[in-house]
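A single structure is presented below for examination.
For clarity, chains are labelled A, B, C, D and E in written order, and residue numbers in each chain start from 1.
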Amino acid sequence: MAENLMTSTAIVADDADRIVRRDKRRHLIGTVLRYGVLVLVGLFMLYPLLWLIGASFKPNAEIFANPGFIPDEATIDGYVKGWQTSTPYTFTTFFLNTFSIVIPKIIGTAISCTAVAYGFARFDFPLKKVLFAALIATLLLPNVVTRIPQYLLFRDLGWLDTYLPLWVPSAFAGDAFFVFMLVQFLRAIPRDMEEAARVDGANTFQVLIFIVVPLLMPALISVCLFQFMWTMNDFLGPLIYISSVEKFPVSLALKLSIDTTEAFEWNRILAMSVLSILPALVVFFLAQKYFIEGISTGGVKG
Amino acid sequence: MARLQLRNLQKSYGDFKAVHGINLEVEDGEFMVLVGPSGCAKSTTLRMIAGLERVTGGEIRIGETLVNDKAPGERGIAMVFQNYALYPHMKVRKNLSFGLRLKRRPADEIEEATRDVSNILEIGDYLERLPKQLSGGQAQRVAVGRALIKKPQVFLFDEPLSNLDAKLRASMRVRITDLHKQLKADGMQSTVVYVTHDQTEAMTMGDRICVMKDGHIMQVADPVTLYNRPANAFVAGFIGSPEMNLVDANLKGNVLSIGAQSHALSDQVMARLDQGHSPELILGVRPQHFSIADADTENTFEGRISHVEFMGHEVYLYVHVEGQQMIVVVSATNYDRSKINGDHVRLQPQPAAMHLFDRKSGENISLGHLQ
Amino acid sequence: ADLRMSWWGGDSRHVATQEALKVCGEKHGHTINAEFTGWDGHLAKVTTQIAGGTEADIMQINWPWLPLFSVNGDGFADLSQFKDQIDLSQWTDDQLAAGSMNGKLNGLPVSTTGRAFMFNKTTFDKAGVPIPTNWDELFASAKALKEKLGPEYYPMNAVRETAVLLISLYATQKTGKDLVDPETMQVAWSEAELAEAIDFYGRMVEEGVVVSQKDTAAEGNLNLFENPKWADGRIAGSYEWDSTYSKFADPLQEGQVLQAVPILKGADAVTEGVYRKPSMVFSISKRSKNPEAAAQILNCLLNEPEGIAALGTSRGLPASKVAAQALVDSGKIEPELASANAIIMAGTGPTVSPLNEHPEIRGTFTDTLEEYAYGQINSTEAAQQIIEEVNKVLAKF
Amino acid sequence: MSGDHRFLGLLYLSPYIIGLLVFTTIPFVASFYLSFTDYNLMSAPIFTGFDNYWQLFTNDRTFRKSLSVTLFYVFITVPLELAFALFIAVILNYKLKFINVFRTAYYVPSILGGSIAIAVMWRYLFADVGVINMGLTAIGLEPVNWFGDPTNALLTITMLRVWQFGSAMVIFLAALQSIDKSLYEAASIDGAGKWATFRHITVPLITPVIFFNLIMQMVHAFQEFNGPYIITQGGPLKSTYFLPLYIYEEAFTRFDMGYASAIAWVLFTIIMILTLIAFWSSRHWVYYAGDKRS
Amino acid sequence: MARLQLRNLQKSYGDFKAVHGINLEVEDGEFMVLVGPSGCAKSTTLRMIAGLERVTGGEIRIGETLVNDKAPGERGIAMVFQNYALYPHMKVRKNLSFGLRLKRRPADEIEEATRDVSNILEIGDYLERLPKQLSGGQAQRVAVGRALIKKPQVFLFDEPLSNLDAKLRASMRVRITDLHKQLKADGMQSTVVYVTHDQTEAMTMGDRICVMKDGHIMQVADPVTLYNRPANAFVAGFIGSPEMNLVDANLKGNVLSIGAQSHALSDQVMARLDQGHSPELILGVRPQHFSIADADTENTFEGRISHVEFMGHEVYLYVHVEGQQMIVVVSATNYDRSKINGDHVRLQPQPAAMHLFDRKSGENISLGHLQ
């Protein structure tokens, strides 16, 4: 009897072992598969960046002759010369210029869009539907055709050749995209916490600052991220509104040398492209941890 | 200064009428308990008082001020939510002190208040945790703490203790009433509206109890009155544990018949009866007000035991009488263990504790004119 | 006075022009604010500025833009009014006519450019084939190259614009006329003539002289100078602006030589049909507050030694006689560029109308040609369609 | 919130309302007016009534071609991109080692934006002897003429768009963060596998954001400019000549701003109708946890 | 086939050890209740069984299978969550049927099961509502329904009734036990692990009760044993309502002294005492096991009434004895209303119901060798 029991326990233990091992194996296979797919697709995603970086170290003649990543004879010429530019200014100036557009723009966007989205998502008021429709409508018209009237408007405001046209409209929640995005996120967050804060004596503004903003953080971070990236890349806006070379942002300075009707120095341009992408990459890399640590609105566990 | 008045208060969700014009006055410093079955609109009423739910009709006054259109923060209230609603991104300490910080109280006052409250609620160890790192009961206590810390004019509690264990619940119960009394003694006449579905809480904490059903108020009275003189069958059945036995009965003269069994009412009972009542009644007797009688006793009900629950010092007998179930509580020491499932017993009600209700309206017709 | 000047270009042009503005400004006592960008978007920028009345005093304007901005000649200041400031005698009448709209001198030609044939000498040498001097030799060389070196070798390249210009060249050589007849404001060629030219292009594709449109597209519409096949000599020739010689010569692999040759033609050609035009003009805004000062600066840039020296060849070989002479004298001109330019300048042919490069006309031409190249229509239909559409546009002028 | 003043919401909207009045309305109305004029940018616009629209609908082959390829493009790109972005976002939401690196890597294509590198790259990838075709040949398939064939060229542009799924992905990632973890627990106990959890918990709970991405991707696809502009220039045979490209060329190379405005307003109307349909349908499939209880 | 075994089960959150290697066997078909104060790791234990929380150490077996690494859905369990965790975007009907639909059961079977469950739980009227349109109690019932509908091998309940009103809670209590019995009768031996902090639930529902404290198991026994023979002072204090009075006392010979008062233990009690116990003890007497004695009775404790709670048929007296508080329950009918706050009373404990615990270890030293 006792013997029986022993063996059966042994069998059970054996079983357990096997199951544990099987589960471990499955786990391993799953992990390998996951990483495999991630790396493979990731390479496809990264190919252009890698090529770009590689090419920026190639001498001009090699850039198009050799589609590989690794330069045959690496040179940092592109960076050195590119940084100097053909203007009296170096890229330092252009980067500083870019930041003096990006920073007010991001701050303005974050503040105004959050407030407006909060207004749309949490309040009832007259004309709400009309205003929301107007918001969406501004997204839908191709801006090619509003460019000239807008230019005339800013001309009359005396804002030409300043950075104002580039960021002031954003500071007035001009980027409907972001407002709409935050509205959608906000509507997905339950109101309980806000109600508790109201009872705690917070007015709607305090609720916004202390409750809504923290809960909205992952979305807000993406808004800032997008605004950063898109402003860094924006070429047409500065092209039209900024005439003085000393006020050029990086995006414009980058294309300064590209005259397709003439020969130009590819490696300088590529080198500067790499540098212009760098801030965006770094910012994204740093910001995305907030997506992991993002505050779950799930609240309390049981 | 913190009398709370509800006048013809109404609330509809679309077509669904959740609150049907209720009237309630809570005196300054009074501890009012709202009880009622699930879904009877206790929370809805409380949320309207808090200003979280728009009023469909009627008035809410705190002090003498009409607050219908005031923001929650301006009503001088604090509230404990049924589902906690802790701020998920703040540590417990910040959750507690948020209200005070909004009022820009000095740091040391906040510090002290936080310490006091966390001592009272035994959450001092969790001050640096996030809500998601708390157990259900711990979270609930933090929610209570968040209200206590503010010492408001009117406290609103929505089942604040439902997730605490018995021991803690008992001590919290005493603490909340003590706190209330202390505030009262300090001249800060804090009014309390307390929603619960717990008998014990309702009976022990409330100065008065408001029993609700389907968005109507059934009775408002102090605990003793409510227990001894329920205004209708609903209240009678709702208050008391185990619940009062309510069985259909017919009255002819002084003979009360339940199914095939009949029972002569004593003169004492007959004297209490309203005039002109219908013969179709409901008899109500609390489980504690039966005694188990010998086979030859008169005026008893005979039934069969279907289920026995052992409750420590008491035993609950579930007895089938003429197809209707009654519960009888007997002391464990008196309990004759030979009485088990299937046995027949005779139940003798105490005449003084018999209630009779009109079967249609549910009105209690046996209150007499004593009051 | 305070002036502004805007232009597009690459690094060397930016450096040179800024320097020139400095010396000319000092010389005449003006300060000139430089506003320059790359090529991309410059047209949109200038357009917006002109629409908003905020354009620079002095503008570098692409020659084909003249009819866009100034149909009636009143889009820019009329430079003939500034004879006192500008020495117009440095340009030929032809050149001045090319810078005029509706009889008003809207822009001063900065340089003259034209399409020239360039061949990769190395490839031809490797195959032991002589560089072609007429169409027949070109066709013959295609066969020879493929036989000797492999089927992926082509003696010529023709996509989009280049294809259009090759067809135009053939038609002009055949008829002695430019696409636009300035008298009637109609297409100068008959349907049959144009159809024949298109067929000529068709034959080039068929016989492997040039890569077909579809195959070029398949390669990803690479610019020729980005194309590895050009870099290693598998495409061994093209028909390009003389001024872009370096752009095409630079990407070639070490040791390969690019050579510009006189314009190819057929036996029955009535003219060389050179496609020659001002590459760009300098204009003065009609809204300029100080047009005289602007004119002084213009003259300095184009005709005075300080400006000439500073600008050098950053905009190709100067059209101004004195400038051209000065540069030749100082030996600043690269020999290859000089020889390519010499071929263009020596070439004969009818005057080229700026309307050739009117976006709608060029667009119609390329689109129709594409349909032809994809076999959707035949050469007669294509010719018919082109003439019809182009005439429609010409009717507006 | 209830109890608050009726106009309080408008206070929060005030930046937007000011911006709307000052910066948006005028250009908007102006472009609408211009669509009824003949305006060459140099001289004052001349009012011509419905001429532009008449021309557009009766006599413009290019418009018809352009409209049809645009619609085709939108209808294949949007679902593809959304599905891809969501799929990757879900994978990247796992707590794996190095996930930061992967997230960044997957976002890279979007950072590159309209940069020249993209044009160059894309040509290398899809060229007749490019990486993709090499891959196809390696697994025994025929190489494809990606840019030379009209249909394929459209697909290639589509793939370019889908490849830049980064911004949609980031938005999905942010949304995935706000899902209550206990729902996943409940579902796992209900026996839901990965797919069922995704299908029945994840997707419904992020419908507000799916909806948002749907609208935005649709709008963006309708306004696609960069891809065809830098890679195919609208060709071959106008197979990638989308309306925005047409509008741009009308406005800035043919200088017919009136006509460009008219096309833009037609495009606007089309997107508007589709957006309205989407909003209307959203009532049936979008779940908002934060909306009022009724 | 659904025996549940926990072997040396452990759980740490970072440095914090929530569960300290517990061992527990729940027999096939057994109804096991976990009770304990808030934060004692009841939920954590349950969540480990469910597979929602990774095990830090030890084993969990369901049937004979080691399930440590199995997905929750594969363990054959169903669970009711403390905070409901209803799917907010699904109507009640879908919430209920989600598990079955995942298993691709035929539509009519799902339909029928939904109807059954919603009848049992009285939620038939809400089938078409979204969770956020439900009251707290309604939501809780849906959560219970979602588990019931699956008829799993092991049921896990995390305080499922804490948000229900007394009446509903009582009937749900009976229903869940009935359901359990019925399943058992049908041969589907459903094992239940039920977390609660409600005395009544624990005592009436559990076949056995497991009392936990700070991640340790204090005692596992059936309700009667637990009530009558608590293994230590913690269990004694935790089980029973109002809680057992536990006062510090010293024993010399058979004389028990509490402060200045002394009490001679009867031989019967002395006989039960363990050998070699320390003189520093805790005396435990349940509130129901006191009687109020006359002034001249011997061996009583004298104290002062500090607080009186009226509980319907019972009255709770809070009595201060030598600076320690005791609660005494007297029947309302026996209660002499003249005894009010401030009055002095003499309390006489029933010798059979006296417990003595070691003051250091808390062990019960008065269990004798009876068992």
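Heads up, the rule we're going with is that a contact is a pair of C-beta atoms (placed from the backbone, for glycine too) under 8 Å apart; a residue touches a chain by one contact, two chains touch by 3 or more.
Because the structure is predicted, anything quoted here is derived from the model rather than measured.
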| item | value |
| --- | --- |
| Any chain in contact with chain A as well as chain E | B, D |
| Minimal step count in the chain contact network, chain B to chain C | 2 |
| Per-chain CA centroid nearest to the all-protein CA mean | A |
| Centre-to-centre distance between chain C and chain A (centres being mean Cα positions), rounded to whole Å | 42 |
| Between chain B and chain E, centroid-to-centroid distance (C-alpha), Å | 22 |
| Where chain B and chain D are represented by their mean Cα positions, the distance between them in whole Å | 57 |
| Chain centre separation in whole Å, for chain D relative to chain A (CA means) | 16 |
| Residues of chain B whose C-beta touches two or more other chains | 13, 51-52, 71-72, 83, 136 |
| Overlap residues in chain C, where contacts from two or more other chains coincide | 44, 51, 226 |
| For chain A, residues contacting two or more additional chains | 67, 148, 190, 195, 198, 204, 215, 235, 258, 295-302 |
| Residues of chain D touching chain E in the complex | 180, 182-183, 185-193, 196, 200-201, 204-205, 207, 287, 289, 293-294 |
| Contact footprint of chain A on chain D as seen in their complex | 1, 4, 6-13, 15-20, 22-24, 26-28, 30-31, 34-35, 41, 88, 91, 93-96, 99-118, 120-122, 124-125, 131, 163, 167, 170-171, 173-175, 177-183, 205-206, 208-209, 211-212, 215-216, 219, 222-223, 243-244, 247-248, 251-252, 257, 260-261, 264-265, 267-268, 271-272, 275, 288-291 |
| Residues of chain D defined as touching chain C within the complex | 41-42, 120, 122-124, 126-130, 145-149, 153, 231-233, 235-238, 249, 252-255 |
| Complex interface listing, chain B residues touching chain A | 50-52, 71-73, 77-79, 81, 83-89, 98-99, 102-103, 131-132, 134, 136, 139, 146, 150, 156 |
| Complex interface listing, chain C residues touching chain A | 4, 6, 8-15, 18, 33-41, 44-45, 48, 51-54, 56, 223, 225-228, 231-232, 241, 243-244, 246-247, 250-254 |
